[in-house]
Every structure is written in C-alpha cells, then in structure tokens.
Amino acid sequence: MDLEKYFDRLWPICRSIMGEGTRESLRILDEVMPMDRLTYPTGTKVFDWTVPNEWSVADAYIIDPKGVKRAEFKKNNLHLLNYSSPFRGKISLEELKKHIFTDPDMPEAIPYRTSYYKEQWGFCLAHKELQALPSGDYEVVVDTALKPGQLEIGEAILPGDSKEEIIFSSYVCHPSLANNELSGPLVLTKLYDKLKAMPKRRYTYRFVLSAETLGTIAYLSTRGEHLRKSVVAGYVITCVGDSGPFTYKFSRRSDTLADRAAQSVAKEAKTPWRWERFDPSDGSDERQYCSPGFDFPMGSLMRTMYGKFREYHTSLDNKDFVAFAAMDGSVEEYLKIVSVLEGNEVLKNASPFGEPQLGRRGLYSMVGEVKVSNFVGTVLWLLNLADGTNDLISIAEKSGKPISEVIETAKILKEKGLLVPVS
Amino acid sequence: MDLEKYFDRLWPICRSIMGEGTRESLRILDEVMPMDRLTYPTGTKVFDWTVPNEWSVADAYIIDPKGVKRAEFKKNNLHLLNYSSPFRGKISLEELKKHIFTDPDMPEAIPYRTSYYKEQWGFCLAHKELQALPSGDYEVVVDTALKPGQLEIGEAILPGDSKEEIIFSSYVCHPSLANNELSGPLVLTKLYDKLKAMPKRRYTYRFVLSAETLGTIAYLSTRGEHLRKSVVAGYVITCVGDSGPFTYKFSRRSDTLADRAAQSVAKEAKTPWRWERFDPSDGSDERQYCSPGFDFPMGSLMRTMYGKFREYHTSLDNKDFVAFAAMDGSVEEYLKIVSVLEGNEVLKNASPFGEPQLGRRGLYSMVGEVKVSNFVGTVLWLLNLADGTNDLISIAEKSGKPISEVIETAKILKEKGLLVPVS
Amino acid sequence: MDLEKYFDRLWPICRSIMGEGTRESLRILDEVMPMDRLTYPTGTKVFDWTVPNEWSVADAYIIDPKGVKRAEFKKNNLHLLNYSSPFRGKISLEELKKHIFTDPDMPEAIPYRTSYYKEQWGFCLAHKELQALPSGDYEVVVDTALKPGQLEIGEAILPGDSKEEIIFSSYVCHPSLANNELSGPLVLTKLYDKLKAMPKRRYTYRFVLSAETLGTIAYLSTRGEHLRKSVVAGYVITCVGDSGPFTYKFSRRSDTLADRAAQSVAKEAKTPWRWERFDPSDGSDERQYCSPGFDFPMGSLMRTMYGKFREYHTSLDNKDFVAFAAMDGSVEEYLKIVSVLEGNEVLKNASPFGEPQLGRRGLYSMVGEVKVSNFVGTVLWLLNLADGTNDLISIAEKSGKPISEVIETAKILKEKGLLVPVS
C-alpha cells in the first residue's frame, strides 16, 4: 500500500463527523481494507447522544469591500467552520468578526474549528489576514445544508484462531489535516494489509474507522457488549505521521496487556519513547473506549501527541509536516506490538525441580565457561520464572531480556518439551 | 472568639494532669464550648494505669544564704517541679542541687519538668541562675499537697446527619506554656465555635480536652468502644500557635481518611507542609488513639512540631513566641480539612458508557477548542474515575486537580444527574 | 577450628563432582562436622539428570618437541581439563591446540575448565605458555579413568526445639581453588562448629556439602519433599574468603525470611553490603534450591561474588588471594543472621489499649524529659507495632531501630509480661 498515493487522494476531501466527505474517504480505503458499514440515521439515540443532521457544503467564501474573495472553502476547507449552518448576506466588518475564528498565537495559520451541536455559521482565518481586513460591508456566502442523513462507521475483521480480539481504532472526520488525522486511517489501513498477509493469527483483529467521539460512542452502543467479552488489547491510532519519537498513552488501568505489550516493545526501541498517563480530559477515542462503563484495555501509540505540536489543528498540519517513512515506521512499531501479543503466553516449566540438563539437549556449552551465553541466560530465566504465573512479557520485564528474545527462546523450549502451555 | 483574650486569662493558671488549675481552665473554655465532664476519682483503674492523687500548690520558693528569694512559684509556675511533693527545711547548697533541674543547653530558660508518678520535690531554674547560687544553707518551702481528688476531662459534641464522627483532641495539663500547650485548647475551642455555626453538618463532631497520656487513656477507657464504631477521622491539635509552616504527622496506618484529607488540603497550600511519619516514641495523644488496640484513623496537624523548636518545654515558650494570627490560620486550615471530609464521597457516573454529551447541559464550550477549559477537565476526570471505587480525594489525587475544585465540580454534576451517590 | 590448617590439607586435593578427591575432602571435614553420606551410583536418575561415571586421575602432562614436560597435573591440578577422558599419543602442535584451553584476558593464569558431560580430553594453560609452545610433535599423557562409581553428598544436622529448619549449603567439587570454592566448605564447617556449641537452638540446622548443580539436584531429589515442609530460611555459602565487603544475593521471591534477616543484619554493618537480585542465569546452587518446583527461601551471603573478581576460576584464586580473618568474619556475619532468625518472632502487646504505664515497671525515666531515651523509644515502637502482624524484623524495619536492640528489648518486655507470643 503506497501511503502517499492514498494520502493525495484523501487530502482534498472535506470530511466531518457525517456526510459525503466521510463516505468518499471510507470508499477509497475500502480498496485496501474492505469495510462493513454501521449506519446511524439522524435522530438515532446513541447512549447519551443524538445523531445530528448531516452537513453538506456547496461553497463558502467572503467578498471584502474591495471585491477581493477571501476565506474560500474551495481553496482550503479549513476556512469554513466545520458544520457551519447556511448564511447569505451583506454585513459590516464588525458583525462579520463575530463569526471569525483565528489563532493569534499562530498568525499565519488557519485554525480548525467545529460547531457540531450549536447551529451557527463561521469562518476560520489566519490572524494576520483578519487584522488586514478593510472596513466596510462584506458579502458572505455559506452555501451549506444541514439535513437528515446518517452517521457511518467502517469496520473490518481479520479472524484468528481465537475469538479474543485486538482492536485498532482511528477516525475519518477531519477535513484537510495531515498528521491529525490522515496519518491515523492510513496507518491503520496499512496495518490491516500487513496483518491480512500473516499466515496464521492467534487473535482476531478488529479495525474501526469512525468519527471521533460521536462515532465511537455510536459504535460502542452497537458493539460494546460484544467487545466487553472479546477485547484483550487495543490501540487508538492517531498522530502517527510526523517524524518525532513515539509517545505511548496508557490505558485507564495503566497495567493492561495493551500497556505491557507496548512497554516491552519500547524497551527494544533505539529512540526512547515518551510516556503519557491516561488522561480523560485530553485525548481521542480512548476517552470513550476507557469510559468507566467499558474500561477497555486500550492505549494509544502515537508519535508527537495531539496538542504537543504547534501545527496541531491548523492549516500547517499539512503534507509538508508529515513523512511517509514515519508512517511506515509507525506501522512497523504496531507490528512489533502485534508480534508480542501473538507470542505472549503463560508457560510452565515441565521439569521444575532443579535445572533440567540443558547440555544433552544441545542448549548448553559442553565446556564449563565462566559466563553463560546470552541465549543460555534467557533459557535459564525462562525455566526459572515459568511457574504458571508469569507471562512472557513479565519474564522479559523481570529478567531484563528483550521480549523478542524471550518469545523466540520460549518457542525453542516448547519444541524441546521443557516449557508447556498452562491450559 | 478573641483568642488573645482567652489566652491572657488562661496563661497564669498552674495546670497539671489533675487539680484546680485544670478545672478552672475548662470552666473558662466552657464559655465558648460548653463541655460535659468525665471524672475519674483518685485510685480509679484506667486500663494499665491508676489515677493518682490530686496536686495543689499554695506556694513554693527558696531563700538563699543571702536572704534572696528565688525560684518563686508565684512569679513563674514552671519553677516548681510539676507534682512536687511538699517539703520544708533548711539544707545545704549541695543537698539542694539534687532537687534542681536546669537545661545547660539553654542557660537563660527555666525548663518544664514533671514527676507525676514518683513522689519527690524539686525546682526548675535557669542554668545560669544555678551556677550563680552562693554556697551556704537554703531555706526551702514547697507548700503543696497531694490528696485524693479526681481527674477531669471535658467533652463537647456537635451532632451531624450521620452518627459517624470526626474527633478533635487536645489537652489542658501544662502550666504557663504558650505554644505547647495553650495554642491547642484555644484552636480546638475556636474550631468548635466555627463548626457550631455551620448550617448543616454531615458528620458528628467530638471535641476532647484531657490531660495528655493519662487523661486520654482514661477517656479511651470510657469512650474507646464507642469510638471504635464511630470515628472516621480525627486529629490531635497541639503546637498550632507559632508562625512556622504546617507539619502533619500521619496516623499509624498512614493512609487513613484523616491522612488523605490532610494531604489533599496540603496540595492547595501556599507554603509547603512538612511531613512526619507516625512515631509512637515521640508524640502526643495520637500515641494513645493509635495504640494497637484502637488504631484509630487519627493524625495531627501542627505548625512547628514539639521538640523541633528550641523554646519547647521552657519558659521561652511564652506569649512572645506565639502569634494569634497563626492560631487563626490553624483554625482555618483545620476548617479546610473539615470541608474536605464533609464533601468527600464515593460517586458513580450515571452515564458511564462513553462520555455524556456535556454541550447540551451547558458544561462544554460549543465550539471545539484545542484544549478544554480547566472546569471541563475536572468534569471529564470526575466522569471517568467515578466508577464507584474512587472517593473524591482519590479522584483529586489521580487527576492532579485541587480537591476544592473536585468537590465543587462534583456538586454541579450531581445536580445535573451525571454523578450519583453510591448507596 | 583453625581454618588455615584445614585449608592447607584440603588445597592439594583434586576434587570433582565425583571421585576420590571429594571423598577425601569430606573425610577431612568430618573431623569437625561428622556427616552422613547420601550416595548415588553411576546411572542413577536424579530428576532430569543421570549420574555419570566417576573420574580418577593417575597423571597427566605434555612433553614438547624439545623434551620439556609441561602442563603437569601433579604440579597444578587445574592443568587438566576436569573430567578429561584418557588419551595417550604423539600429535602435532596444531592438533594439540584443539585440546588446549586458555584465557587470553589473563595471559599468566591457568583457567579452570570442566567437561563433565561430553567425553573429551584437554589441558588448561596460561595463554602466555600456549603462545610460546615450539612447533613439532608433542607427547600427550592423560592417564585418567571414567568408571562406574558414585556421587557422594555430606549432610549434618543440629537439632533444635522446632522441626523447622535453617539450611546452609556449600560444595566440594572444585580442584585447587581457594575463594571459590574452599572458603565455602570451610566457613560452613566452622559455622557448624559454632552452632553446635549453642546451649539452646530454636531451629534445626542442616548443613550440606554437595557437588554444585548435579550434587544439589541429586540431594533435592532425596530431600526436596522433606525440605519443602521444613525450611524457613537458608543460604548458599560460597566466595566468602576474600577481603571484600559482603554481597547478598536475594532469594527468588526476594522477600523471604532469609532475605529479611540478611537485610536487617546489613543495616548494622560498618561497611555497606552489596546487593544482587536473584538471577537464575548466573549463580551457584540457589539456582537449584530456588528452581520453581521448590522456590525455597534461600539466598546467599558472599564477599566478592563469583564472576566479579578477576581471579575467579583461574590459578590466581589461591591462598594469596584469600584471608583467614575474612573467613572468620564471614562466619561471624552468618552467626548474626542466625541470631536474628533465632530471635525473630511475632509478638502481641498484652496491654494494647493506650500505652501501658512504663514508669511503675522501671522502664521509663520518672522525671518527664524532653526526649525519651533510645531504650524507651524502642519499647514504645515495639508496644505499638506488636499487633500480631509484624515480626521483629518488620518492627526493626519500620521503626529504624537496629534489629539487635529490637530483639533484646522484646526479650525484656516479654519478661515484664508486656509482650506475649502469638500462638
């Protein structure tokens, strides 16, 4: 899957929580990851929320007193307040300013703003442009519509030997923004592509592309009960396209399998990861997955976290800001997590009274050496800690051995009959 | 309650563990806090102890060989060894010295010494004065009496909606000493006065003025069984009159409600608190309340702790050393603890599946912002952690939000029906 | 027991995991510590292992092309690869080199190498000597034999009031090496001698001299079930002869009585101890005692740990490297641990409601002082924490008081009836 090709096709589309932009985006990603749709018509109750009208945009712009066309939606869809209600009219600069959003801290950038649940119209401008607006009367055109429609969520499943599930979730509800959010659905889709190619999967994998907050709440209203029984670990994939080091945000309980697998992968990383505690006051869909009624074992592996890069939610979060190699690296890191999850298990030493004789099994140097080899070291740690209580992640933690070596060595010891699964 | 006025009336009285000085002190404080008396006649067994005779003093002094009157009880009641037995006679300087207590490290100060349980007579002098005593014969007058009487303890109750109790305990057994001890009963009495004025109290409040150690053991022999069932938190109030920063001494278990409430208040303090672990070898009545048979959830909020200020238990712990503004500040800090205890509870999110829609309840900005407000942040933390296991103190700890904001915001969410008490 | 005398007699003997050298060594130590023998004939299955043939050596050497005799077993038994199979013949230098082991990092030292389970012959040489070997043909004489025999283990028991056991284990399977290993059996034997002299022992003491790994596995195959029920703490005694500071290696669970007793003794040490976590990949017989099927509460108190001194497993680990005063110091430190184990118990305050009146029992100064004495401090800590859950080690930890003072003071309080054992 060539990420850049898909990025270029997805970039110009004006997505929102509902509407044609989202539908078109899902259709494009269907080419790689065929998704079922879950649909929620306007007015549907989903837990505490009600699905609103669907938004569509024909055009939107301002014409200033000198006849200059500004804030053109067709040039940059961020100019239009997302979910702006329709308006047409001639108003004074003073009146217009009440409908304009800027970010004075980043005077060159168009900020991204939304108003899903309060009917209002508005434009987003670079603060610099706002300050240069000549006085006089402005012609305003917001040619949008808010009509009954439906919220749509894409879902794909890769079955595995077990009905236990690993879930990856991202969202397609932002207009032309690159790291947050196109990197999320792109990495998720490529991850699907890679996992589809695996000859054997222990776990079932679930991929969700929803609208942030509302979409995920709707999804949980349908799938929550099922997931409560099936999810063993999951991750919200977002902000995975910049070149910064990885950041892991813990799940609500902070010690779930999702967190432990991520931590074990981090220990083998060349560049140290950054760590963020679970924080329901600043986050993405883990706020929903980890709401107290669900409390799923779900964290989020990102690169630079939302809110921690200046470009976040502005027109500067564009193709220049992201790197496709970084997105590929994010896919790889998620695959490492998958490989830990697939390999992790609780094993028991079949010969737990004293050490088994490794030499006659070809697992030990036949001449006594001062220090045992790294491999033998891992063997001895595994045999000692495999008492039916520690999983391999825990054995890696306690021994200080890399998780990949622990999993690999455990495989050999299982073949030799020295370790057996705890049934 | 004008603390200085009461201080000036209480200051000259010679208190001890039993006797008229204590009775008079309690009567003065009755004006603000009417107390019941618990009485224990001489000879009463209280746990491992026996109530001794009551002590009274008519006068005490020494006349030196040159006719100079020294160590006059009437000038400073610290001069007389507290509970000194009676004596009259003419003795040599050498013999006299066996009955004199000084503190060579503080040569200008008269130390405070007691001998409740061994019959002996003695005087306390500034070390400097001792060194200047001329040789020759001294006339000694210790006009005291030790006769059957009774130990008396004052107790006041402010009833609340619940029979669960918060207990405040201090003591009135020291002669003219300011920080340790007059600040304790003064702050306790003013705290009573403030809590009496509260329109509604969730908890019942108990105020105890006893004699340190013996009095509190006696009190526990009577009220221990009741308190075992009723006390949810308590504090020993002592050394709260100097201008130093607050010091909190933990309860025996170190994680009781008393400790947790105090810690949450400390987080909002401008001047950092100091912390002392529970220490049964150096302390006040928490030694009794936290003896292993009771192990009550009781700590102690002080300013500079006993033994940590030079003036402690000497004539320099006087009116100059304390500050009435500091005592008022101590009352305020205890009131903050009370307000945490009153406000703390375990709540449950009534809408725990995904976030509830805050916007339609006026709890969320209607235009999507990059960062949520501090208030919304507190709301989201509360909704996430209110799962029926965390109390509000715990939610403040985990979120890093100030406890006062957490309690205030929880109140709003209860009104909105989003949080409900765990019955 | 004069350690040097025994060292000098044991030093020249060529020990191995089985054979006459081990038998002779055990016979010498029997003079101080009469031991029973556990014997395992060749071919016996012990858990996952099979007892191999017994090894005997008549002579072994090389004659170089110039007629110089080298690598003479009779000069230094390290020259012969331990368990070398017999060989006689004339071979080229090139061929010979395949059978020679050196340590290039320590070119002056003869390394110690073994080949118990793979039949091969070999010599160990100083690397410097290897490099100086002239080319040409070498006469090789390895006059050894591998024949059915038996593995022998020495065991001594000192009975105590309780059937619960403290176990000390070391090994006699190394040829002429001083710190690792002669210091181990010497210190163990002297410890036996000292404990035998104790007028009263609470615990039963078990002393084991086995062959590392195989011997201990065999021993556990016989005694494991018994020990599972009886061992409350144990230590592997090894590397206790150099003059370095003490090193403690934790048991597998890291918080066993063995570890806690050692830690409490360490707190009173003048020179700080070093600490090593339990590590099954680098260790001595604790690897067997702490294998997951047994998981005994056994650690190891050493001086400089195996692998941490350069001389380890080379000809430089000789009499010059060790110090008999250091071995005596190791005995003393083990005796301190024994004294903690003997003295430790769970006590209950017989007067738990408030403090008991110490004064009338002569346990408290009769004149109130500003600070209580260190003794009274320990009394008050004991009375407070003796609630039937803390043992004395735990009380020492929590109070910060030295364990020896805590045990001593507890004894006094038991005599006074203030503390009673928890039955």
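Should a chain be cited, it is by its letter among A, B and C, assigned in written order, with residues numbered from 1 in that chain.
One rule holds for everything that comes next: a residue touches a chain if its C-beta (ideal position, glycine included) is under 8 Å from a C-beta of that chain, and two chains touch if they have at least 3 such contacts.
This one's a predicted model, so the numbers in the text were calculated from it and none came from an experiment.
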Same or different contact residues where subunit B meets its copy subunit A, judged by the half mark
different
Rounded to the nearest 5 degrees, how far is subunit A rotated relative to subunit C when their C-alpha atoms are superposed?
120
Here the gap between subunit A and subunit B, centre to centre from mean Cα coordinates and rounded to Å, is 55
Multi-partner residues of subunit A (each touching 2 or more other chains)
none
Residues of subunit A touching subunit B in the complex:
47-49, 81-82, 101, 113-118, 120, 122, 213, 216-217, 220-221, 224, 252, 280-282, 287-288, 290-295, 307, 312-313
Under the stated contact criterion, what part of subunit A meets subunit C in this complex?
349, 351-357, 359-360, 366-372, 376-378, 380-381, 383-387, 399
